[in-house]
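Per-chain residue numbering starts at 1, and chain names A, B, C, D, E, F, G and H are given in the order in which the chains are listed.
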Amino acid sequence: MEFQFDHEREQRTGVPEAVFCTHKSAAQIDAILAAARVGGHRLLLTRLDAGRHAALTATAGLDYDPLSGTAILGAQSLLSREGIGIVAAGTSDMPVAREAARTLAFSGWQAPVIADVGVAGLWRLTSRLDDIRRWKVVIAVAGMEGALFSVVAGLVAAPVIAVPTSVGYGVAAGGTTALHAALASCAPGVVVVNIDNGFGAATAAIKMLNAAGRQDIPSSRA
Amino acid sequence: MEFQFDHEREQRTGVPEAVFCTHKSAAQIDAILAAARVGGHRLLLTRLDAGRHAALTATAGLDYDPLSGTAILGAQSLLSREGIGIVAAGTSDMPVAREAARTLAFSGWQAPVIADVGVAGLWRLTSRLDDIRRWKVVIAVAGMEGALFSVVAGLVAAPVIAVPTSVGYGVAAGGTTALHAALASCAPGVVVVNIDNGFGAATAAIKMLNAAGRQDIPSSRA
Amino acid sequence: MEFQFDHEREQRTGVPEAVFCTHKSAAQIDAILAAARVGGHRLLLTRLDAGRHAALTATAGLDYDPLSGTAILGAQSLLSREGIGIVAAGTSDMPVAREAARTLAFSGWQAPVIADVGVAGLWRLTSRLDDIRRWKVVIAVAGMEGALFSVVAGLVAAPVIAVPTSVGYGVAAGGTTALHAALASCAPGVVVVNIDNGFGAATAAIKMLNAAGRQDIPSSRA
Amino acid sequence: MEFQFDHEREQRTGVPEAVFCTHKSAAQIDAILAAARVGGHRLLLTRLDAGRHAALTATAGLDYDPLSGTAILGAQSLLSREGIGIVAAGTSDMPVAREAARTLAFSGWQAPVIADVGVAGLWRLTSRLDDIRRWKVVIAVAGMEGALFSVVAGLVAAPVIAVPTSVGYGVAAGGTTALHAALASCAPGVVVVNIDNGFGAATAAIKMLNAAGRQDIPSSRA
Amino acid sequence: MEFQFDHEREQRTGVPEAVFCTHKSAAQIDAILAAARVGGHRLLLTRLDAGRHAALTATAGLDYDPLSGTAILGAQSLLSREGIGIVAAGTSDMPVAREAARTLAFSGWQAPVIADVGVAGLWRLTSRLDDIRRWKVVIAVAGMEGALFSVVAGLVAAPVIAVPTSVGYGVAAGGTTALHAALASCAPGVVVVNIDNGFGAATAAIKMLNAAGRQDIPSSRA
Amino acid sequence: MEFQFDHEREQRTGVPEAVFCTHKSAAQIDAILAAARVGGHRLLLTRLDAGRHAALTATAGLDYDPLSGTAILGAQSLLSREGIGIVAAGTSDMPVAREAARTLAFSGWQAPVIADVGVAGLWRLTSRLDDIRRWKVVIAVAGMEGALFSVVAGLVAAPVIAVPTSVGYGVAAGGTTALHAALASCAPGVVVVNIDNGFGAATAAIKMLNAAGRQDIPSSRA
Amino acid sequence: MEFQFDHEREQRTGVPEAVFCTHKSAAQIDAILAAARVGGHRLLLTRLDAGRHAALTATAGLDYDPLSGTAILGAQSLLSREGIGIVAAGTSDMPVAREAARTLAFSGWQAPVIADVGVAGLWRLTSRLDDIRRWKVVIAVAGMEGALFSVVAGLVAAPVIAVPTSVGYGVAAGGTTALHAALASCAPGVVVVNIDNGFGAATAAIKMLNAAGRQDIPSSRA
Amino acid sequence: MEFQFDHEREQRTGVPEAVFCTHKSAAQIDAILAAARVGGHRLLLTRLDAGRHAALTATAGLDYDPLSGTAILGAQSLLSREGIGIVAAGTSDMPVAREAARTLAFSGWQAPVIADVGVAGLWRLTSRLDDIRRWKVVIAVAGMEGALFSVVAGLVAAPVIAVPTSVGYGVAAGGTTALHAALASCAPGVVVVNIDNGFGAATAAIKMLNAAGRQDIPSSRA
């Protein structure tokens, strides 16, 4: 058997295991889904493109979103938690923003997405600043030169998780420019995940709020 | 005048402005210190090497730490806050780990440092796991191949802020290998800052716990 | 004639010549197979994708494995030798792991494969450690951040041949991150082959045990 | 003779030849200065560090500025022209900003420099926007993640010449991140010069206004 | 709603907003076109390949040019302005040269294109020099080694906007060699845009002549 | 305490822990030496340059070799083991070759070094082939284009551990060209360690022969 | 008209103009062929893949070779010249070797190709050395690690033109490893052309022998 | 003994062995010089900087040139051969141009150097074209963007050996931009050597003319 569920991952790390589908065949994904159904596990699949989704043999109970390439197996979560929000620089960044939103929803978090706020038209961002400042964690999604990360981080008190995207061409192709811009940001408090990694940003945001809310250690010495 | 204090930064973003000294002359740093003294500002200086520290004309009231290259101007903070901890893979990573610890201390956070827990001798890490699991945010500092980031993130529920360091040679020289390992980690929930950026990791950790503790938004709808 | 068998290679180097198919047309491969049949040579073909395999005109006596893209012409070897084992971080790494296993089988080595032992769930690896420690050479296959190489090498006495794979995205795309992690490993005793080079790892493992078993030189001065 | 003055360059291209000193010895520079004195040429020297300036044998009539590493031989220009301005993200970017200002002054242009307007404190930039919007060409100087280029270009009608600087560390070391951010800017109308090339930016700005002011071609068909 | 028109962009920056289509689906582009039609906006679309153009549902009033991949929605501009010209090194560079020409036409500029003037046959360039010297801004388009940029800039007084293209193979593949050649040009006064960015070059050229023609600031003190 | 001996490393992995000195201060190294003396540990130090060696306060009992930058604390090993040999392409590669030889000697292995056998004068290598073919593991050390790795591996039956060195200039500077040549070798059976990593090659060689000699698993099923 | 024949190129540089087809459409190539037919020019086309060749409308008189992707328009040359030879490391390198041979034939040179002489089986090369040593210029074609270049150059007195190919995977993908190996060769007298540039190597070889044979300058003062 | 003279190299390859000093200590160089004196060999040393030259113990009979860092041991050659010439873009490229000239002189070739002919002032090159066109091999030396290579190769019939130099800053630092420009040249017939490799260019030029002059093979079939 080539796949082992890490059943205790959620208990150990606070977030459930997910299945990254890019390098897996439809047959392998079918086998994983079958095992999950037998075991009664809910499951999040990421990077499942439309072609491979169409090639799956059993998609019953699978909630598939083509824009983000995510699929959820099992009961829908009650969206009972709030505090995380997402801003995206352009419409081309929406697949990644949606991957983050779907990952959050899988774990029960309701996360608003504010799109098309690239810094070339700064007023589009500043007009939404009151909303953004209410969030406890900001996920910022941008490609090209990634200037959004620094501008947002300079305007809000919450930590900013930068998700560089592969949107761009020439020197920006593949997302390295946006990634480096996030890492080199002149605005402190920006943390970064891999290019196009909306899933990772969402997972980190959940861990931040979960961990911060734990009561087993005092947050101030009092 | 070539330097403008961003006086409202702490109010706006929750963390005070700091002075990054690498590209500044002793004269420029002296001028900034003088302005801060006049304005009554506390100030954190980073990347102040011993040579330039020795060349400053007025170091009165400046608490300088040569290992981390940090200096603090002004009254010491009461270390009244807890919940952030630091692990470092090797003794060579200590300057960066200390930069993080000093930044945290500047803002009133007491942060333990657990050093020399590289994965080549895994027992050194697992023997300290009970302590590490009590932290709300883990700052992990490692160079070379940066395997520590994934191993730690697979073992704890808190978010892990990876600080890749420039420790290494050959393909690891400059820290890019550790940086990429952090970004590509198979363990979700790892967020990353620039190479050797202990200051940024500390700032992000503070923002995480500050923001999470705000009461202006409910953390669950209930 | 554009292809010359290196007939004496096995005698000279201990391992037979193999045919790397990536840049060869079906016609070229057909010609090589025909020449081998005429000469009575057994032959291992690597990187033979399903499309080109289907385009071959004479596949009689060709044992093709689509997952690894390998084909063996000629009689099956008796799997009479042991001592080499393979660990693979994820199911996506299985094609490369299988290429190694098939190369070993071609030369008469029986090699177990332990899959899905990535370090994000460390217990999956440590629970198999007794088996792994019995091997004389460990082939470790991993993509993404390649943390598996260091963790395994820190736990076993056998040499570890790291095979970085091209599994991953963003900074890990193409396998360079895993490659550099293997080369920069903090655990000594890791040796490395090219990205996705399961064949080369298997060949090196065979050479290690073949050479070590030679009796023409004393292993200690006595 | 290893150096040939390109005497007709100013006539042909609108800007005088300058001497880039990085790879030249003090002896070579002395020879060039002597030839210029004999020929009665004014001369701009760039990248002349303090050490080599001190090693020159004849510095009479040489106006040296250590911050920018520029020296001017010959009569000072009357600063009779306006329309070009410079913004710099941080005090560390001042040497490059000053190189641009000195180059402009050498050709008779008076150019204001507005410093320390990095986007981490956006108000510092927006408070100066009325001044900046009066310029016909904006030279923007920034290192690290270079977010300033996009923000400025989104706010002004003038063309923006981005000068990425080598200020930064980690992924920003050497200036490539700022360079790529400038080239990939989401705000159209940004043009870019080489890293730290304040001289080139100034020269291009002069050419822009010189050429635009020529009367030999109608700017509209009328 | 995921797309926000930046209605005031033309007023604020002198150039209208354009829609970069590479990462957008036909459905997204259809929606943007519909919104523009409703609002009565003219619109320039770039990087619209033939396949996606064919997939659009409503192309009425859309002037599509397959060579450059540009489309214009709305009334054609009167080509009443002159002073900008384009030179292209080879026929393979024509798609990028045409993108620049179309962008200029969208804003009312008539721009001649002189093609196939690569420096391997220098006489092809020098024979056209009288024409080129009449332009106020030169857009130079070249791939491979990009020697054209330096040669042109050494011969004309106008500023040269270099557009490196992705034409080439081996070390020139993707356009980085031409880009670096433009940035490192030994001829001052070259400014550079991203690889294949004909649109950006045209926009910058327009801004240069627009800004230079403004009367709100004197171009000389006099 | 910032340094933890991994006392059980030799027992666990077959090779003792070593101290990599590049990023450590003389004070840190002194502390480690003191701890080793107290604990009665033998110790190998690598990358200890002459300057830092001279700055150590207590070098009694420290056997220092300036060419390789290695030092050994404690009793000399009896050189009772054979079977590993080293070839080096040029005299410039000798520091790395010597690091390997010293590491082997620290563990009791006598390893001959055959130097200056670069492939530009192939006869220098082939004239020594009889000796080289007697070794059970070949460590090959080369910089520049690293052609030696492929040539040797095509001629011997033993596994070849390639150690690329940073010897070279231009595209070879830093050792990446030799590293890539080793990884891409057309001769199977080459395994590779990090640039300049003579220590790692020696350690891997020891592990190969140690593991192969274990009797707890049959080398053939028999 | 977008294409200008450089009619005097052969007279000026000794080699005729060729048409590089990679970035040209079938329509553009048809137009060039038509113009050549009208002008009575012979023409060499390179990088014309089978698909585009099939899409041409008029292939009469076009001698197309699919392996090398070259086509020749016009009368065949008499192969009256000798002295240039080609060695190729593997069968995968044959398309590039053939491009060189076809370019030579276009100009009247008969060039033998010796294939499959990679250094992993050195005897295949040395057995052909007598033939190779008779050539006045050696064109060596190799991908992967490119060790062939150094080995050949160390054995012959003729200049070696290295043509690195894109044959390989992992770190060798795209040909950069072979390119760097050629440039960093320890054997002096190797000159290099771009990756896969068989055409350029042939052209350079022709220029070498043409120029050397000119009588307008004495080859020794005598 | 760590150094082996390759005595038969000149006979085998037509050029004598040289000693590349960058990575060798003064002691090692002294030993090589002593051995050469004993053996009565003439010797060329390259990359011998002034510091190490000063540290040599026996410099009698050593003709040292500090600009190029070359030294010649033994009798001066009669400069009896002609046909090779050198052009250099700027005065900063002179050390490399001189290394080529000295290497040629060591083998008896008189080679003129034409300096400061960068393409920013094209007339400086074209005014010398009659001289350059008389050479049988052109060595072109340039840094920065390396446009000189293409321009020269488009104007002369002789082969052009491009020597990219490390002169430049920003993207040109280290010489990679000039190297890539040479390899990607649009002018066929350019061959390239490693960055700053004046020695290699000279050696290749000698091999070209030596080999072409051999009479053992007819240059045309007659």
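To be clear about the criterion, a contact is a pair of C-beta atoms (placed from the backbone, for glycine too) under 8 Å apart; a residue touches a chain by one contact, two chains touch by 3 or more.
Please read all numbers here as calculations on a predicted model, not as lab measurements.
Engineer: Identify the chains adjacent to both chain A and chain E in the sense defined at the top.
Structural biologist: Shared contacts of chain A and chain E: D.
Engineer: I want to confirm something about chain B and chain F. Since they are copies of the same sequence, is their interface symmetric in residue numbering (over half shared, so same) or not (under half, so different)?
Structural biologist: Homomeric contact, different residues on each side for the most part.
Engineer: Between chain A and chain G, what's the gap in Å when you average each chain's C-alpha atoms?
Structural biologist: 50
Engineer: Could you put a whole-Å number on the gap between the CA centroids of chain C and chain G?
Structural biologist: Roughly 36 Å separates the two chain centres.
Engineer: Taking the mean of the CA coordinates per chain, how far is chain G from chain H in Å?
Structural biologist: For chain G versus chain H, the centre distance works out to 25 Å.
Engineer: Whole-Å distance, chain B centre to chain E centre, using C-alpha means?
Structural biologist: 44
Engineer: Which chain C residues touch at least two other chains?
Structural biologist: Counting only residues that touch two or more other chains, chain C contributes 120-121, 153-155, 170-172, 176, 179, 183-184, 187-188, 194-195.
Engineer: Can you give me every chain pair that touches, using the contact definition above?
Structural biologist: A-B, A-C, A-D, A-E, B-C, B-D, B-F, C-F, C-G, D-E, D-H, E-G, E-H, F-G, F-H, G-H
Engineer: Which bits of chain H are touching chain E when the two form their complex?
Structural biologist: Listed in rising order, the residues of chain H that touch chain E are 89-90, 118-122, 144-147, 149-151, 153-155, 168, 170-172, 176-188.
Engineer: Using the touch definition up top, name the residues of chain G that touch chain H in the complex.
Structural biologist: Checking each residue of chain G against chain H gives 12-15, 18, 80-83, 110, 134-137, 153-159, 161, 179, 183-184, 187-195, 199-201, 203-204, 206-214, 216-222.
Engineer: Can you list the chain B residues touching chain F in their complex?
Structural biologist: Within the complex, chain B touches chain F at residues 91-92, 94, 115-117, 120-121, 123-124, 167, 169-173.
Engineer: Which part of chain C faces chain G closely enough to touch in the complex?
Structural biologist: Checking each residue of chain C against chain G gives 1-4, 6, 8-9, 17, 20, 22-24, 28, 47, 166, 174-176, 179, 194-197.
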